[in-house]
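Both complexes below contain subunit A, partnered by subunit B and then by subunit C.
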Partner chain A sequence: MHVLRHDGQGLDEAKLVEDTSRLADPTKRYSSNKIESDVVCKFPNGDGNDQPKSAVPCQLPLRAVPKPTINRDVKAWDITEKFTQASLALNTGQLVKDEYFTLFESIGALEIMDPKMDSGFLQPGETLEDDYDALKPLLPEEVIGIMDQLLCYEMAWHQGYPLSQTLFTSVYIDKLLWPDPRSLEEAQFYRGDVKLATEAMHDILRAYCLAIIKCCDFVITKITSRDYFEEEDFCTHTYNRQLLTQVPLDFILHELELAMKFIETDQTSPISAELKYALLARLEFRRALLIALFPDYSASFLDKYWPPVSDTLPRIEATHKFGRPVPGSFSTKLQRRLASTVPPRPVVELEFKDAFEKLVQLCVDCEEAVRYTYLEPSPQEYQSFIWAFASRKPQPLAYARSYLSNFIFSSNNEVFEHLLREDLRSLVFPEDQVLDPVNWTIESPRNPMMPKDKRLQMASLIDEFTNRAIQNYHELWTALCQNRCRMRRMLCHSMLAFDQLQSDAGVLDDDLHALSSDIQQYPLITWVYHHKLRQIEWVVQLGFEQEIYLPDELPSMYYWLSKIAETRKRLLMTLLEFFERRQSKMEKGKKAEIEKAERVKEGKGYIESLLAEASGTKELAEALSSFYTHLAYLKLLPTPPRPFSNPSLRYELRMKPFLTLTPSEVFPFAELTAQLHPYGPYDNPNPKPNLSRILSDSVIWQYMDHAVKSAKEDFAKLKKLGAKAARAEGVKGSWEKGVQGCLLSCVAAGVAIATVKEICKGLGKEGVGGVEGMKKRLRVEIVEAGGDRVGKRYHEWWVVPKVVKL
Partner chain B sequence: MSNSDAQSSTSDLRYVQYHGSKESTYLPAIRQLISKDLSEPYSIYVYRYFLYQWGHLCYMALDPSGNLIGVVVCKLEHHRSGTFRGYIAMLAVQEAHRGKGIATQLVCMAIDAMAERDADEIVLETEVTNTASLKLYERLGFLRSKRLHRYYLNGNTAFRLVLYLKAGTGMKRPQQLDDSGELPAQYGYSATSFDEIGVRDGHPVLEGSQVP
Partner chain C sequence: MDNQEATSYLTQFVGKTLRIYSTDGRIFVGQMKCTDRDRNVILALTHEYRHPSEAAIKKAIQESGNPATQVPLTSRYVGLVVVPGQYITRIEYEEGQFNRDGVVP
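Let's look at the complex of A and B:
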């Protein structure tokens, strides 16, 4: 341990022991799985569920705890005397720091007797334990109230708050889980060997609580089985409590059914019909939810799991008013009993209305996720679905995302290899001999001196590429399944991985060319490059969505986007030519060839769709870049003074993720400056020709108008080609909405440009004033992104300014 | 950077560099000022961790009676990304004195001090909803580099803000490991910001703590 002098407080031996045990624990607490852009990604799969067995047993003060297990290999010395002596040599505040004392450890330290840090610290008159009696009789209204409060906490937990601040504040849940019950029978509101008679209301509440606990267990199982970020997406920490992990689902269902049966058949108790109805609704809901969350689902009934849950929800909502809260049955003090060093922290309060909304969303999102399993098995259809799912608003909860991920990634590697080959087929190998299944059936010649069959060689090359690319490909899909912030950052990594892959693919392409002249030029490089360019675009566009760029950065960021989209457009044009050549060649062939030609034609639709999208992106980005540039000259873009920075440093920072790409995509700063400053510096434009005269001339606005018009045509073409060509038929509605959003962005951009153009016409004329006066005549509003809600932008990726005449 | 309005209303403030010998005078006030806005306080060792090693990067605004009105706490060390990275860990100004440019003045002094010591870049995190803080840093030249989902303990999302001070910073790469597989001694710590070790309560700049 580090010898650290405590502030004016003597440390007795007991406290010292306590202190070290606490120090051991924070390492757990802060070992969250944050990944930054400059480190290799690691996923916390299966990590963080419980405390590691090796953790120092944590004895919280002043409470009865089971005897700690004593490790016989550990020897104990009383260091009180030595420690006191040693610390006397230090002044208060004097720090003896060795080089291994890190920020990490400083964070882990707690101060005894600080009410915010010392969980055992009691305010005058405060009791350590909660004294709520879990066996006191409950009214049915109170049971309903408790059930609904538990639901609120459950949903708060789903949103990412820890169990300690949500469900684990319930005295009833605590009673069921601690001491760790050896059987379901032992999990009672009373604890101990003596079996007590319980009231019917207790039995009903107990069944509900058991089911909640089991739901949590299933949720944790599902989430930890997929890539997620602890504490960011979700808190899986159970503070050393077993969430009935060993109890089979049927046992819990049985408890629920007994409770339901009791309510249904009960003639003796004076519970009103509406209260019975309310209680039944909650038990039925729990039953349906438990079944839906069960990790070992049956694939053939997948569409039957979530609708029954949703069906029970209106009844819960309608009967919530009958509930009577029992606030005493929840207490933050219970946190003291959890294996944690964190002092009691406030309960996360979520209103029933909000919790219920989250619950509805969870059911709807999961039901939607199931549709993934019914999609046409094509990588593009799958990815369209994943994008649409990730773009849902509000953002799907961690559980729903894991639920979908489970369908995506539960399949074995072969499925992903198949998807990768299909991806290759649709982009660069249309009806191509390279991917002919026959190639994989040919055996190597017995005599190794004999040349191998060309087809076999092709298959080997593709296998080699698949082996090399599969991990990158898999990671790209993983990135698309993360929360939106993570998605953007992980795409930065994925993009670099594809960059590396691109240079590796060259050798294989050369080998393929040696085997056949009738293939797309550099097919593998082309495929990788297209994926890479698309990821660059996504990184930038998600940047617009996440409001990473300040208003005065919009000219350069849209310029950058337009350049990347333009490169991709050119790439797609060569692909389109190739598809066309192949189609017309096959059309001239025999019957089987003509059939193939038909399929090439169909595949061409996909390339055309990509091309329309890339082209539209290029044009609209170009228009916006130019428009924002002119707004900068008109002093209509807020520009911070930035005394510590300069444009070239900021450009370097913005381009950092892309600086190492090969071929180099980032253009020199001078080029950008020239491009974005056609009339000299914004605050000091060239005197000749006069800026007012330039801006009043409609010619310069025509360029933007033209780009907007082209963008609109491209997006209209994309729309016309339709969801099927775009391979987004499974999410037709949201795909169409997206395209419509792009179209409307074009319209809005056109209107904004026209408004500014109109006002600029009079520049320099009498009564209008010069460029300086534009602030009085026009106001430019940068439309905010929607965040977790449906926003005001037509499309989150297109920041079209709203121009208001004053 | 100076602001004439702020100067006139805060001209009676003194801006002082922290020093270890002043711990008993100032540390309690620093702790109090910073922890006021934190849901969970830092232990005294967190403050000492910074002040012991980078006391020269801590600046305080004091009123004529020596009361602490504002403080900024930073560090500067080699980051595993290969840059010499400054980090603004804490910044706080007493509520009654916000909006007068005190925080800006403190941050400027800290940036100057880090730049003088050859920092490549300066980074920090702040809540996406903390417009005052965002404005303060963005006025000085910081850009948002990424959004950090549910970064803070209260569930709020953060922006990472970055300021490059030197050309070539974006091209710096992780240092090569030596034969033993370890970084050379001068690249002491691997986790260097609150973010990297998962602490989420780092930057309590609240509403109004910026130049009006």
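Let's look at the complex of A and C:
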């Protein structure tokens, strides 16, 4: 038939039809010569006796016209063969593509049939979906088992695993959420009509699951409302599932209450009392948790949210043993149904014990975070609290950190401006006219030609500074609220922002000096500089805490720390002088002035506390730097082979975050080398004077002893000044523990130095084996940091080596 | 077919809906974005269709009591995929509902 269609040019339709019918019927063909001759004359080359049937196809260009398969108005054409031929005709490397489709995009394409990428790829015998029946009757023990398993997965999620590998592996949760329910009533373990009424156990489990889902929704809302890092802190991805976002809290609470009421009043079912108790405990816990997680909290009842949650926990732990696990109700295959492009990944298994521990920690951390709202409203108190919170061990979970950040940053900008002014007041403007509230009440003169009141000018200068600095100040606070590693990285940025601010503040300082002579010299620069130096110290100290520096880098890093702390110490000393001058001046004044003098004195306590801390840091860092240097000479400091770098490049790398600072804090490599290599290279010390003789002399060790001693004195002074002076009254316990840790670090450093000194005394004597022989007599252990747990160091910031005599 | 002809033939399918059958019996329906000499095809906005499992068919027959009952293909959105040429068993061009977009299949 299609042959004819192509050669149909000279023939009319009617003949064609006739022709074909004759071709098909040989008897007809031979019965009529006339028609046969018709056909022959159409094809002159053909022999009249030939069968036209074979003549026709060989003469015509053949082309298969594809026929579409039609299915409900959609036509589809099989193009396999032609497509294949066409692609074979392409050149190697030639692409036929959409002009807007980029290589970059193509990288994101998932490769079908690749088991690592293709989520639909099935191993032989594997089925795509799970066939667990969610309406299968459940025993109360099984419900408890499922609830506890869900809790484990929920806590795994809180630790940072995605929902797909945790809660979303539950068949029950999947049934509730997919297909997307339009109302709460529709969120059932079945969809559409169900012939049999659901069982009570299903209703109880359903209420619990709904509450879990809502809890997740609240957690995501809270975490995303603050600064966090996706997949670093937490996974908020819900794979296109709506976590009952539209359902009000009350509805879910109502479901829980109905379930509880059912258990309490139920007389008919043969559930034992202890199982009822276990089920009730879990429902009550969910209810309390849901209320605690609700983002719209009431500020006046803040302290009433978390204790009820904590109260239910012991009951859950005690009744965990009644549960019977139902492993079939969880399946990784459910991941295929999520809007995710990756093949199923293994479920994250968290033991109930560990999950429960995390849950307890979450409650405790959140309860602690609430205390922030009751602190004395001073920026230093707040910051001490934030530091203490961030230093808690184990590190608070992402939710708890967001919970705290929410209190810190929920207030508007004005509150932060106020905090910034308070910060200025306590550091550089003690009872100062510059920050007198009256300044802000003075109106500018109507006549622009008239000179403005000095006080008004001061107020506008301070406003100008606040406007400029508020962003950086805010970022500093944000950095302190991040996870520990991120905090260090963000402080590196914040430090540079303060560096820029410092150069901008100079102009305003000049203007302030023009207005008043009775102020601290360059107050704004001083304030910014102090903050900047403190941040540099933090960056280095957090580096020790996070074990960023290798043992052989400790001499240089402690040297760097001691230099920064020394600069800060000098800065604080000028401030202290200023405070003292002001205090004594005011004490001589009138009654009101004397009252002010009292407050200056109180403020001086803070400066003294900072000074003691800076000074202690400087001394201890100096001692450790020197000690590690000598340990390097004694070949007791482990040094890894580094074939591809040299010390100067490594130094540059370590100093990279600080290189652009002005004034330049980083000293040249040559200076550092000279400082850290007093007797020539570690491997090849100067022959004269002899190294053994130097080290056996007690003078060099005395220098370290002395530094440790001064550090100890400084930290003791800091301790004596107390948490109140340090403005850490709200976190007195952990502050004291921190100072105590510094003191103990000093003691440990003293002991370590003494031990090495003792052994070194014998150096140079016969039979000792000189410096080389020290390895046989001493072992130095670099005490590792605790990480997420309480570590072995007295203070995470002080790497004091442990020296063991062999 | 020479290169020019092949290129213009293939180019007409860019942005058009193709159905690609894979060796494991799945069908991928999506917009063609790109192809090459090895017949690898990149499809965008792809849905994956799969024949229901035997168990599902049995269940459907059992429930309806009709051995000729219809069981729908299960579908899943998979987005941007590349189907390697070696796994392709059949390619179909799906005509738009209202016009043929000038494509010569």
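Quick note on the criterion: the second predicted complex is superposed on the first by the 694 of 806 C-alpha atoms of A that agree within 3 Å, B and C clash if a C-alpha of one lies under 4 Å from a C-alpha of the other, contacts with A are read in each partner's own complex, and residues count from 1 in each chain.
As a convention for this text, a residue touches a chain if its C-beta (ideal position, glycine included) is under 8 Å from a C-beta of that chain, and two chains touch if they have at least 3 such contacts.
Just so it is clear, the model here is predicted, and its values are computed rather than measured.
*Asks:* In the overlaid three-chain picture, which partner chain does A:Ser272 touch, first (subunit B) or second (subunit C), both, or neither?
*Replies:* neither
*Asks:* Could you say whether A:Ser503 touches subunit B, subunit C, both of them, or neither, answering first, second, both or neither?
*Replies:* neither
*Asks:* Tell me the contact category for A:Gln85 with respect to subunit B and subunit C: first, second, both or neither.
*Replies:* A:Gln85 contacts subunit C only, not subunit B.
*Asks:* After the superposition on A, what does A:Leu110 contact: first (subunit B), second (subunit C), both or neither?
*Replies:* Both partners, subunit B and subunit C.
*Asks:* With both complexes superposed on chain A, which partner does A:Lys97 reach: first (subunit B), second (subunit C), both or neither?
*Replies:* It touches subunit B and subunit C both.
*Asks:* Comparing subunit C with subunit B, which touches more residues belonging to subunit A?
*Replies:* Tallying touched residues of subunit A, the top partner is B.
*Asks:* When the two structures are overlaid on chain A, which partner does A:Thr639 contact: first (subunit B), second (subunit C), both, or neither?
*Replies:* In the superposed model, A:Thr639 contacts neither subunit B nor subunit C.
*Asks:* Which partner chains sit in contact with A:Asn413 here, subunit B, subunit C, both or neither? Use first/second/both/neither.
*Replies:* neither
*Asks:* Of all the subunit A residues, which ones make contact with subunit B and with subunit C?
*Replies:* The overlap between the subunit B and subunit C interfaces on subunit A comprises residues 92-93, 95, 97, 101, 105-106, 109-111.
*Asks:* Using the touch rule from the top, collect the residues of subunit B that touch subunit A in their complex.
*Replies:* 1, 23-24, 27, 35, 39-46, 48-49, 52-53, 80-81, 108, 111, 115, 128, 138-151, 155, 157, 159, 162-171, 174, 188-189, 191-192, 194-200
*Asks:* Provide the residue numbers of subunit C that touch subunit A in the complex, in ascending order.
*Replies:* Spelled out, the residues of subunit C in touch with subunit A are 1-3, 5-7, 9-11, 13-15, 19, 22-24, 26, 28, 33-39, 42, 44, 48, 50, 53, 55, 74, 76-85, 87-95, 97, 105.
*Asks:* Taking the complex as given, what residues does subunit A use to touch subunit C?
*Replies:* 66, 68-69, 73-80, 82-98, 101, 105-106, 108-113, 118-122, 127-129, 131, 336-337, 339, 341
*Asks:* Tell me, which parts of subunit A touch subunit B in their complex?
*Replies:* 4, 7, 30-34, 36-39, 92-93, 95, 97, 99, 101-107, 109-111, 114, 116-117, 159-161, 229, 231-233, 342-343, 345-346, 483-486, 488-489, 546-550, 553, 640-645, 648-650, 652-656, 659
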